[in-house]
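Pasting a structure below so you can have a look.
So that you can tell them apart, the chains are marked A, B, C and D in the order they are listed, and the count of residues begins at 1 in each.
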Amino acid sequence: MAVNFLYPDYEVSRNDDRCIACRVCERQCANEVHEFLADTNKMVSDDAKCVNCHRCVALCPTRALKIVKNNNTYKENANWSAKTMNELYRQASSGGVLLSSMGNPENYPVYFDKILLNASQVTNPSIDPLREPMETRVFLGAKPQNIERDEAGRIVNNLPPHLTLSMPMMFSAMSYGSISYNAHESLARAAEELGILYNTGEGGLHEDFYCYGKNTIVQVASGRFGVHPDYLNSGAAIEIKIGQGAKPGIGGHLPGEKIVGDISRTRMIPEGSDAISPAPHHDIYSIEDLRQLVFSLKEATNYQKPIIVKIAAVHNVAAIASGIARSGADIIAIDGFRGGTGAAPTRIRDHVGVPIELALAGVDKRLRDEGIRDNVSIVAGGSIRSSADIVKAIALGADCVYIATAALIALGCHLCRSCHTGKCNWGIATQVPDLVKRLNPEIGYKRLVNLLTAWQHEIKEMIGGMGINSIESLKGNRLMLRGVGLSEKELEILGIKYAGE
Amino acid sequence: MRYVIIGNSAAGIGAVEGIRQVDNQVEVTVISSEPYHTYSRPAISYLLMGRTTEEKMKYRDDDFYDKMRCKILCGKTVTEVRPAAKQVVLDEGSVISYDKLLVATGSEPFVPSFDGLDMVSQKFTFMSLDDARKLGAALRKDKQVLIVGAGLIGLKCAEGILDKVRSVTVLDLAPRILSSILVEDGAQLVQCHLESKGIDFRLSTGVKYFDSNRAMLVNGEMVGFDLLVLATGVRPNTALLASIVDIDKGIVINKKSETSAKDIYAAGDCTQTLDISSGENRIMPLLPGAYMQGECAGVNMADGNMSFDKAIPMNAIGFFGKHIITAGNYSGEVYTENVKDRYKRLFYSDNKLNGYILIGNVEKAGIYTSLIRERTPLDSIDFSLICEKPGLMAFTKEERNQKLGSVSL
Amino acid sequence: MKRVYVNEKWCLGCHLCEYYCAFGESNKKDMARALKDIKINPKIWIEEKDGVSFAVSCRHCKEPLCVKSCITGALTIKDGVVTINKDKCISCYTCILICPYGAVSPSEDGAVQKCELCVKTTWGTPACVEGCPNGAIVFEERG
Amino acid sequence: MKEGQIRIPSGCAISGLIDKSGKRMSGEAVLRSISVMHDRSNGLGGGFAAYGIYPEYKDFYALHIFYDNSASKKSCEEFLEQHFDIINLSKIPTRKIKVITEEPLIWRYFVTPLPTKLGGSQLDEREFVAKCVFRVNTRIDGAYIFSSGKNMGVFKAVGYPEDIGRFYRLEEYEGYCFTAHGRYPTNTPGWWGGAHPFALLDYSVVHNGEISSYDANRRTIEMYGYKCTLQTDTEVITYIVDYLHRKKGLTFSETAAVIAAPFWQTIERMTPEKRETHEYLRNVFSAQLFTGPFSILVGFEGGLMALNDRLKLRSMVVGEKGDLVYIASEEAAIRIIEPNLSRVWSPMGGEPVIVRLNGDEV
């Protein structure tokens, strides 16, 4: 029906002079955009099916392909954008909630980009990481209240369970189911090689990956998928997922067609049944309930594992964090509203939550004001895009950051934001065997190792420039930050000065 | 220590290379009755055709003997082997002693006795470079050639000279050409192809007698010719070891190329070999087998350990761009494929592939060959797939990973 | 010695190896120019069926049957690489008869062709390996 | 502009000496030593800490206080009277020096906490005193307690240290340990309270350097109830030393292992037992690590600790002769007072030199 017609957003541009009709585009497109016409020995494409994932562009051996934005234009105005209109047409025809994937794409301020870093000049030497040790090891967990000594006066190791990371980064939760086996293997192997941790997400832990236990955070989410004693005890830490930056206040839904084979077994639910994570944990309707779950999990793991509580950054995040810091949890993970997701209602993703920078600054300050910052470590996530973001997050007060979207991009994700279709051409957000195999973990894990190693180098360069040779001395060191283009209020919340001050 | 090798073709060369795989020191002497650097005998038809040259048809590079540090005595024929004294005697009377001896004397054309043959002035055999040179020198555009024998040698010769003479007629007692390697319909196919190129055939008939430039055939026909090529078969040169070692159809050897006499080895066309596709001992005058037998002999002479026990008859041959590959024996059930340019017959029984014939499309024939050589149980592979299309896909995943990734999963 | 190894687990059946092989052989700088409107005849090819695919090319056997069987000495081992001297080859196809991998194939120029690990081209690492997007074809030392 | 309104990095000279036998010497020696390093300061601050100078009042806290005016003196003294028994009070004797100007009122009180107040506070005595010091310094406008230990005192001002020493008649004091500081701030504040040493209770710190970890350290120590009103490194160092040593009960060598922690690569080479301790300290007190260049002298009752940052980005030399140990930014500053040293060395980065009076337990 004509009123349903939506012009394709993107156009596949093929340079016929360069196309050798090798058909790799046709073979590699799960959306069946490309087709070989034998009679003319030519390739043709159907733009309407293209999600702009760049698989064909990347594999075309002669650079004959590119994807360009369509310039078909509505009579737009500042209020009624083409995007808004298209969404409206779509809903008018479907009557349904719009779904999207990955992080909030809207034009909200990215505070990381309005914060600048310091460097030493004259009064204090900058430190060259190529010449001097430059330490990035961090510990996550609660600090003991008191020093205890034995009869001989030696300090007794009374540290609560904690995590040791070679660098202040971890891979954040992405469930087996939402991402592929090979993506999980890449993350697990990279975490092991890097000396950091990855996170199972809420889909349980595939039996093949128990061997990466010391580099694994096992998640307990509202659906409790795949949670059993061995699971809880297999990882180095347990994360209670309360919320996710991309969809605060919303549960999850992995459709039954993705609950097949290993995934069904790992999640401990029947094949073909929808995996529905309720919006809240139905045993946590208040903070004291959280405390009970924290201690249930500690009991279940003999007080050997630190407990992480992950929340979405919402308006009242500082007060919530304060409650969590008093709940017995060892680590708080805060997920900003730019964090990714395999599927979320578009309106929720685009309109709910707060930026991680503000949430982090607020939480760190609140916990310090209340003298309970030592009770917990803070992990900040929600679109950490570069080593500079990490340095800024740590200077704002984070102990460590969670990385997910960046890791997926390293694995090949081109942010086409079509995860919810399950036809990820890069083998990441899919369970189709032919697509899954496109992500070779041998390549994938090395790319992750490369990325984080590069970031670690850059972090060393940046903090060395500040005259700091241990990441611990950057934590909460907001004097190393200055703002540009920010209001007084924003500066106040971030706890930083304006550049030039 | 000195190893003596009689013969300078595939088996002899294989032996030199086999010895050198194991022992870099030992003295090696090769004795060749022909006065040439080692050359490829099967290439002689291509030489006549102009597809190769005497230089290019050398079987190994010019520096081969130097590199192998081996002594070559060309143009010397061994007339006697003295096993007790461990000596060989050369035609010019000199004596060479050996510690180990390899006899790789090959085969020679077998020519039946025809009445009047001695009256034929221009008659040739077609096995050696000398043969090719002589025949080549006699070729003229106005000459008619009669080739007796429609086997591999006769037909390769026919192909090689066709363009250089007025006519070529090929004669055979058998009712079909290439009777040793093709079955009826395949032979017919190839014969048509050859006839289309201009070769004349007289089949199911033999020569009754020769009368100077004419051959009187058994069927009563008289065929005139200027040049006569006798390609009626070969027989192994075993005379040197007569009464020294066991000799049956050829010199009897075991899978290590050892004869019945100590320190005497034999390899190549002069021997008889177990054909594992049929289980029979046969003379198989084939170059690949000769080389492998020679190599095996060489390794074992040098106190290494090698067995050659995968001999089967096999032939790759082509005429005017039409290729034929065959292997094994043609017993058992038959898989047949006949489409356009693809003639395919697979012969199998008892869960094994026995042999095959491919004409036209010969791609990946080696995969079939390997099934015969390895005696692969057909139920361990996807036989119907491989019948259609030779490929590694028919093997199990484990096999494939082993073959392509050198990994056992 | 480094050889080309194939792991079908990661083969996507994209056939890029074939095109990179053909391109490598062309000695042209640009693949579009090298292969435009040409039916390629690569020395590596994909076998595929029912979702399984893998590349096949010369294994460079330690004891290569093709070299032993070559009737003219055109096939030799040079530094571990099974190499074809096209000048000497008379296209008898004995190598095709004997290669258990089906890795030797006819070519247009009257000689047979086979993978020579790109030692005669400018690629260094074999072109198929460079062109494989998923590490299904690797060039490495294995036992 | 004065300290506390802005963070001021500064370069400096430091010097100190201690007689392990506890024999008291006059302030003359340290004065001569610091004078040699005139060029390392720029006349914007200097001072001294002297230990063992008030033997007759050794059981009382000696409070040295700057007052901006008599009104602030009055309100401060009211506060003191409410919380302490004041045994003695007097102006600190000074002599007029032309270049020392804008001097505040400088008073000294020997006090002991009122038992009722102390009991009511449920604090130990030293914590009570420290709390009172913070109270005065943050709440009473124009009053600033810059020295609060027993049997020790800090003397500081704006000017060159040699002038300040003569101003305070340092040669008239006798103590077993002295430290001195000459300051080279990269700004131009001129407040006496902002000069160094900085002291809390009997801990005094002189410092040369600029710690890059400042804000991380400051925000951490403030969480434990300290108020960093001056925004100087010396202040935060003093508080962290106080926190670790007095409140957490770490030894001085453990304190050094926190604030100038060995690198992980060094720790990994240690014996398992030592490694565990160091890993523990670095984990628990990660936010108390100082990075960036510093050399510090921490004076305390009965001893002196010298410490460099772990990369040794600032010069610091130690000399020994008999019971006397000398520490200074430059060797010349030691040689001027003792040319015939039995041993001179430069301690490694992060390697503390802890000197105690003979008989004191380590």
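Rule of thumb we're sticking to: contacts are C-beta pairs under 8 Å (C-beta built on N, C-alpha and C of every residue); 3 or more make two chains touch, one makes a residue touch a chain.
If you're wondering where the values come from, they're calculated on a predicted model, not measured in any experiment.
Enquirer: If each step moves to a chain the current one touches, what is the fewest number of steps from chain A to chain C?
Expert: Minimum number of steps from chain A to chain C: 1.
Enquirer: Specify the chain with the shortest distance from its C-alpha centroid to the centroid of every protein C-alpha atom present.
Expert: Measuring from the global C-alpha mean, the nearest chain centre belongs to A.
Enquirer: Hey, how far is the Cα centre of chain A from the one of chain B, in Å?
Expert: Computed from C-alpha means, the inter-chain centre distance equals 69 Å.
Enquirer: What whole-number Å value describes the gap between the mean CA coordinates of chain B and chain C?
Expert: 28
Enquirer: Just give me the whole-number Å value for how far the CA centre of chain C lies from that of chain D.
Expert: Taking the average C-alpha coordinate of chain C and of chain D, the gap between them is 77 Å.
Enquirer: How many angstrom lie between the centres of chain A and chain D, each centre taken as the mean Cα position?
Expert: 47
Enquirer: Name the residues of chain B that each touch 2 or more other chains.
Expert: none
Enquirer: Would you give the residues of chain A that are in contact with at least 2 other chains, written as numbers and ranges?
Expert: Chain A, residues with two or more chain partners: not present.
Enquirer: Provide the list of chain D residues touching at least two other chains, using ranges where the numbers run on.
Expert: As it turns out, chain D has no residue touching two or more other chains.
Enquirer: What chain pairs are in touch here?
Expert: Chains touch in the following pairs: A-C, A-D, B-C.
Enquirer: In their shared complex, at which residues does chain A touch chain D?
Expert: Touching chain D from chain A are residues 120, 123-125, 127, 132-133, 135, 137-139, 143-144, 146-147, 149, 154-155, 157, 159, 162, 368, 371, 373-374, 466-470, 472-480.
Enquirer: Can you list the chain A residues touching chain C in their complex?
Expert: 17-20, 22-24, 27-28, 41, 58-59, 61-64, 433-434, 437-438, 440, 442-443
Enquirer: Using the touch definition from the top, list the residues of chain D that touch chain A in their complex.
Expert: For chain D paired with chain A, touching residues are 7, 9-11, 186, 209-210, 212-217, 219-220, 222-225, 248-250, 254, 261, 263-265, 273, 276-277, 280-284, 286-287, 289-293, 310-311, 313.
Enquirer: Quick one: in the complex, what on chain C touches chain A?
Expert: Touching chain A from chain C are residues 9-10, 12-16, 19-20, 23, 30-32, 35-38, 51, 131, 133-136.
Enquirer: Touching chain B in the complex: which residues of chain C?
Expert: Result: residues 3, 5-8, 47-49, 52, 54-56, 59, 65, 68-69, 71-73, 87-88, 90-102, 104-106, 142-143 of chain C touch chain B.
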